[in-house]
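The following pair of complexes shares a single chain, chain A, combined with chain B in the former and chain C in the latter.
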Partner chain A sequence: MARNRKIDHDELKAALERKLRQTEQAARPARQLGFVHHNVDCIGCRACEIACKDKNGLPPGPRFRRVLPIEGGRFPDVYAYKINMACNHCAEPACLPTCPTGAIWKRGDNGVVDIDSSLCIGCRKCEAACPYGAPQWDPQEWVVKKCNMCIDELEAGRKPYCVMACMMRVLDIGPIEDLWQGRWPTTAVGPGEKPVRQVRHMANPELTGPSIAFVAHRKGRVDER
Partner chain B sequence: MTRQEPTQAADRDEPCDPLPAQQWLARLNPARRNFLKTLAAGASLASAGSLLEFSANTGQAQAFAYEPYPKDDELTTVVTSCDHNCGSRHMLVAHKKGDVIVRLSTDDGRYQEGGKFGFESEQVPQLRACLRGRSYRTRLYSPDRLLYPMLRVGERGEGKFKRVSWDEALDYVARKMVELKRDYGPTAILDQAYAGSSYGVLHKSDQIEGLLARFLGMFGCRTNSWSVPSYQGTTFSSRTTFGTITDGNEDDAFAHSKLIIMWGWNPAYTFHGGNTFYYMRLAKQRGCKFVVVDPQYTDSAAAYDAWWIPIKPNTDAAMLAGMAHHIFANHWQDQPFIDRFCQGMDAGTTPEHLKDQENFKDYILGRYDQTPKTPEWAASICGVSAADIKKLAELYATTKPAALKASWAPGRASHGEQYNRMAAAVQAMTGNIGVLGGCAEGVGKGWHPESVAYPHDEYANLWWASIKSDRWAHCVLNYPEVKREELGLWPRADKFDGVIPNIRAIFWHGSDWFNQLTHINKQIAAIGKLDLVVCMDSTITPSGLWADVLFPIATHFERHDVALPWYKGHYYIHRPQVIPPLGEAKTDFQVFTELAYRLEQLDPGLNGFGKRYNPKAERRYFHDNAATDEAYLVDWWRDKVQKRQGVSMSWADFKKYGVYKFELPRPHVAFEAQIRDGKPFPTPSGKIEILSTTLATVRDWTKTQYGYPIPAIPKWIEPFESLNHAKARQYPFHMVTPHPRWRTHSIFHNIPWLRETYQQEITVNAADAAKKGVKTGDLVEVWNDRGRVVVPVYATERCLPGVVVLHEGAWMDLAADGSDRAGNPDFLTLDQPSPAGAFAYNTLLVDFKKTTLRHRPGWESEATSRASIFRRDK
Partner chain C sequence: MPFRFFPSRLRQLFRAALLLGLPFALWQLWQANREGDGSHDLWRATYDPIHFAPAILQARDEDCLVCHREVLLDRVREKSPAGLPAQARRAAYQEVSTYAGEQETFHRRHLVTPLARELMDLRCNTCHVGHEPRDEAPGTSATAIRQGSLRKQVDVESTCLKCHGRLNPEQMGLPGPWPEVKAAFGDSCLSCHASIRSVRHRVNYLKAEAIEAAAAKDSEICHGCHGGRAWYRLSYPYPRHPWPGSESSLPAWAKDRATESEARFLPPPTVDRESRQKP
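On to the complex of A and B.
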């Protein structure tokens, strides 16, 4: 529990130095990984959400991955689609500079924004700073936790639990630049479809540079409003 | 395959004794530990796939922030599956440390012969588990697990029990069984087993041929429940029309359709086949068009970008008749197909001995009742415009191949069988049967697995009375003043024919029927009249609270079995005992075997019951079942899978890999042999019977299991209640009660992870909600003559005005005023089955209003944050 935690001072010092470095100069990963999701073909089943909770052993409350159902129109001319988001592992994470203990850092190899919750003192500043709701409060442990793209699975050469859970094969990861350019082979994107960087209701990507790609619903496209 | 033992020393293994309820969440998230700084084990890289490049420069594994700390490759991997009657059967992979499951994953291509991470193909797909399966760890370790035998100490339904020994519980039940059979005869015990834990080949709860049926049959006292809640109307239709319920294609066949009409079908919620929804995505990418005929704009309508045709509930047969009329009127029917394969589609296909019967075409054209079933006629009933009916009819008749998937839900209604038969007639008249990309589905059972490893013999389905399943309360309350047709009493050729069963006891096995059958208030009145109620389950269910005796049954994680695909899918998944049974749980097979031994001691007439019931077992089976269960499974693999299905893989290899996937040369399509090769259909005439030979010859309907007349051809029949009914003035909303996504019927209702993803709520059209002065989140009471429930509202444009939707399976929670505060729709449903046995789950009128009564969702949603996806820039 955060309230009982004694933090190792050397560990803390190193973490704070790392934070300062990464705040002054955003980490430029060798290859930034990001998620891609098909907003239309997603059936909204939330297998990804539950797989994530199981993987990370989360109690009710925090949901690193969230499927948001969008609907609109007037009967009978209605539409609906899903937006599925976890942490966007931003180029310039808003959460990172807010952390008083340096628990959050960005990985140099794949750009995963990771958190060392054992350094977390539960101040929740990162939670407030993130425009996407990625860092989340664990009401049982009194610390903030977040998606780390299943870094252990990545390091074992596999994909994150949410991706491997997707029953429709509409959620995937890949090098985000390649995904945006449409040159990364993935089942998330169908033939002739092109992913976008932003959909309606989503915070301006200029703010933090989220590593996320969506195949948007026609009503969700920001360029056709 | 990753099957290594843990490489890191465990802090300590979790005890496998159950924890007190308040600690169960802590168990999900074992005590935190410091950073695990560990070398990336070489073994873990051996299974690396193409993604290895992502992590090329990691010499040392970095900090891993979250508990549970152990990485998958440091844990023991055990392949198993999910286990419920949901519509599919997906793989679950347990990653465990000692006897504690740390997490679950699913099929990723590794667990089959020649498999590797990420492998799948259109022919050999991965079997990825759904949200319910992925939550299984919390069900397994739930505080609602039933861990010890219990005996009721309070009033029935009060929920007060005491823990007793197995000896005491078994002896109590055995003694009562002998008394009941002696005093009330062979119909005293009602078998209400259901498919809650079926689809193993060895341990099986099932309605007709599960372990309970054979146990009660050999004991000599059993009233059977014959109608299947989910799809009896559809079963009747498929048997009548095609002579079989094996009328389904395998799910990959859907990828080849040019048009898919999802009639009352929401594959985004109810998985009919393990990858059906995925193959439909492939179809969409290949240019397939989609149509949804449904009162709701479902997630399936959205995902497949379908043309939504909102229809009034229970009027589906009328709309299909209107489509048939338009097809006949324009001569779009496939006449050569009709002439060759159908009976009674028209005058020309009606055989001489049935010439006095009505044929389908002349009925549709109105030659008998002077009412042509035109699209305009249909529009006045179903609320869909004649133009849309014509457009859909033309689309379906002119697109080849086209799949009209006539789902079960519209058939769960008054005269639901007529809807399914009408759909079958329309499928047949367009020649979309027996061709790849077409669809003849009613029941939709595809590939046939070898499903039985337990002893299966002439005792497997013995009964002395058999009734429509949701008529038991009516029978008990009115005995003996009940007519056979009111019960749907199945005819017999002996002295028990027509004898009303004197039901004095109920056995629930893998069944939560008290919560799930229609008209719960009537069941509550009836259950007080019984002498014995036994519930066998792994969970303390709402039904269990009404039992006298609770037997704790091991889950499929705690017993050895093999999983079958569910209606679609061609594979077997090995299910070893992943962990020892929690508490004092025993397998169902152990309990029945032990009861049989105890019964033979009480009743000398049952000589050898124990050994006959479980021939491979010794008396100590109750305490040691491993070798016996293995022996049954080995025999099944050798005699059935290897010999009949030509599988060459050894049993040992199957166990080693975890899954055996058949690779079919091309997608399995029902009735291909009939259409391509001219093999007769398994009907009396050998044809697709639009006009049923069997039904045409019935003279006295009261002597049939149906009780009431059923026309020999599909016809539109007014339902008991609908929006077109006079009663709609008093109760102006038609309620439908579909299967939810977040439960399998009532299973998983108690899982907090799943409760976070939804809430039990009544879906109401936004304009209707405005008229009632309610908005999303407001509480309403919903009522009719039969009951009252309290739920929150979801007001949406995605629902037809006049229709409300309340998903079945919420765990009943009775308040002192008799209302149900959980929102279980079966307090409102009608216990009047259709003649063919279809439950009237979707035939009910209700009204609702804003309320100050409390809703009790069954979990503390307030206690947790409700993070939404975009928090700032809404």
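On to the complex of A and C.
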């Protein structure tokens, strides 16, 4: 990283002040983006995971996005489905207030919870505090890194790498309110399907208000049987 | 006929290969077991029964630290990769009277730094109750641990939330959030809590007397675990122990509250016996 580069301390200080104003309190974005995933149609190929690791240049260990295979039941009532989660870009992220250096902030334009790992001192408090396991420890660089919804891609008018890599088109992004209401056109939600905010085993969304929508499996639903 | 010749020759070859190969393979296995590349040991340690219930619940911290020493030894970087010195900045929650020392890691702040030692006695298994490394979600294999939440080894809602949830001013009849109204109550929770809900913190991971003693000097102590470092929007539904002078009728919100702390955190029975023997 910046080991051999000369550090402009004035610029660093100015950047930090700018950043800190954003971090003391989570921004309330005009439009919150979030991921949507179809738990049943996902085939668990993990192309999204690999695309993510590739884009972010991650060594073995840290995985921003994870496909979680859920299996169970007894014959003949067996089931298998996938839950796919990265950072949920929460309304009130738990990671953000724990960060002592201002490396984590929430963007005012699209609600993405962004991180500048070059300001990270490796205290790992965000990692512990996140109820959804999003911040990832990189033991080689001794910093925490996490999903920022490929903010550079978003700014270029494209979608994140994981979404683009999904061959089943069951992973997508969109304005989360519209996704929850079923108003957002996306291949990740089939006709007549209603996305939910929580699935079985996911930590209570009331903790931080995660921006995530799932089309749940019959066995993964928490609101009804 | 070459057809006849080959099978018998092959059989001989086979036998020879077996005779020579089998001991060689066994020797290889033995070697791998003995030295190996370490991966064998890694798997064995990963699946050590100590990571699973019930062993994990009985483990002492020393048992875990044999292998996980780094949890208490690792320190924060001196400088971030961009050159920001670790001690240059403090978060808002570190600008309070109870905060002491330099930036520290998550585990050290809960296990070895002075305030943690004064007020708490957290153990590895207060938070770590076991997880199945093969499983990325709880409950999907025969050996799985059925509690917990996706992607986490530690369940936030049943651990962190107890000390990092919101204070609940409405329920307490406070006119507003604590920082705004505290002047009216002499800046002390004890103005009410000397007598209300006074049976508290009787769990093996807190030092009840030390907490009261510290709080008598600095009211930030109570607030620190009840609203001052609130990472979450929820308040923890604390058990509601009857206290001397409590009314027998329950308020509506307390109808389905427990009246005792979780069994696994109750202090060892010897302490109980002693207190019962006292007149």
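Everything below uses one rule, namely that the second predicted complex is superposed on the first by the 197 of 225 C-alpha atoms of A that agree within 3 Å, B and C clash if a C-alpha of one lies under 4 Å from a C-alpha of the other, contacts with A are read in each partner's own complex, and residues count from 1 in each chain.
Assume contacts are C-beta pairs under 8 Å (C-beta built on N, C-alpha and C of every residue); 3 or more make two chains touch, one makes a residue touch a chain.
Note that the coordinates shown come from a computational prediction; the quantities given were computed from them, not determined experimentally.
Novice: For the three-chain arrangement built by superposition, which of chain B and chain C touches the greater number of chain A residues?
Specialist: B
Novice: Looking at A:57 after the superposition, I want to know if it touches chain B, chain C, both of them or none. Which is it: first, second, both, neither?
Specialist: Only chain B is touched by A:57; chain C is not.
Novice: Who does A:85 touch here: chain B (first), chain C (second), both, or neither?
Specialist: In the superposition, A:85 contacts both chain B and chain C.
Novice: Please indicate which partner A:26 is in contact with in the superposed arrangement: first for chain B, second for chain C, both, or neither.
Specialist: neither
Novice: Looking at the overlay, does A:66 come into contact with chain B only (first), chain C only (second), both, or neither?
Specialist: Both partners, chain B and chain C.
Novice: So in the superposed three-chain picture, is A:132 touching just chain B, just chain C, both, or none of them (first/second/both/neither)?
Specialist: both
Novice: Touching A:97, do we find chain B (first), chain C (second), both, or neither?
Specialist: second
Novice: Identify the partner contact of A:222: answer first if only chain B is touched, second if only chain C is, both if each is, neither if none is.
Specialist: Neither chain B nor chain C is touched by A:222.
Novice: Figure out whether A:201 sits in contact with chain B (first) or chain C (second), or with both, or with neither.
Specialist: both
Novice: Scan A:124 for contacts with chain B and chain C and give back first, second, both or neither.
Specialist: In the superposed model, A:124 contacts chain C only, not chain B.
Novice: Could you list which residues of chain A make contact with chain B in one structure and with chain C in the other?
Specialist: On chain A, the residues that contact chain B in one structure and chain C in the other are 1, 66, 68-69, 71-72, 83, 85, 116-118, 130-133, 141, 201-204.
Novice: Which stretch or stretches of chain A touch chain B in the complex?
Specialist: Chain A residues touching chain B: 1, 30-31, 33, 40-47, 49-51, 53-63, 66-69, 71-76, 78-83, 85, 107, 109-110, 114-118, 130-133, 136-137, 139-141, 145, 148, 151-159, 161, 164-170, 190-191, 201-204.
Novice: Spell out the part of chain B that touches chain A in their complex, as residue ranges.
Specialist: These residues of chain B touch chain A: 25-26, 28-30, 32, 34-35, 40, 44-45, 47-49, 51-52, 54-58, 61-68, 71-73, 103-106, 108, 117-118, 128-131, 134-135, 137, 267-268, 275, 277-278, 281, 284-285, 297, 299-303, 305, 308, 310, 741, 752-757, 765-767, 796-801, 859, 863-865, 867-874.
Novice: Under the definition above, what is the set of chain C residues touching chain A in their complex?
Specialist: 76-77, 79-84, 86, 88-94, 103-107, 109, 136-141, 148-152, 154-157, 160-161, 164, 231-234
Novice: Once bound in the complex, which stretches of chain A touch chain C?
Specialist: Checking each residue of chain A against chain C gives 1-3, 7, 9, 12, 16, 20, 24, 66, 68-72, 83, 85, 92, 94, 97-103, 116-125, 127-134, 141-143, 201-204, 206-209.
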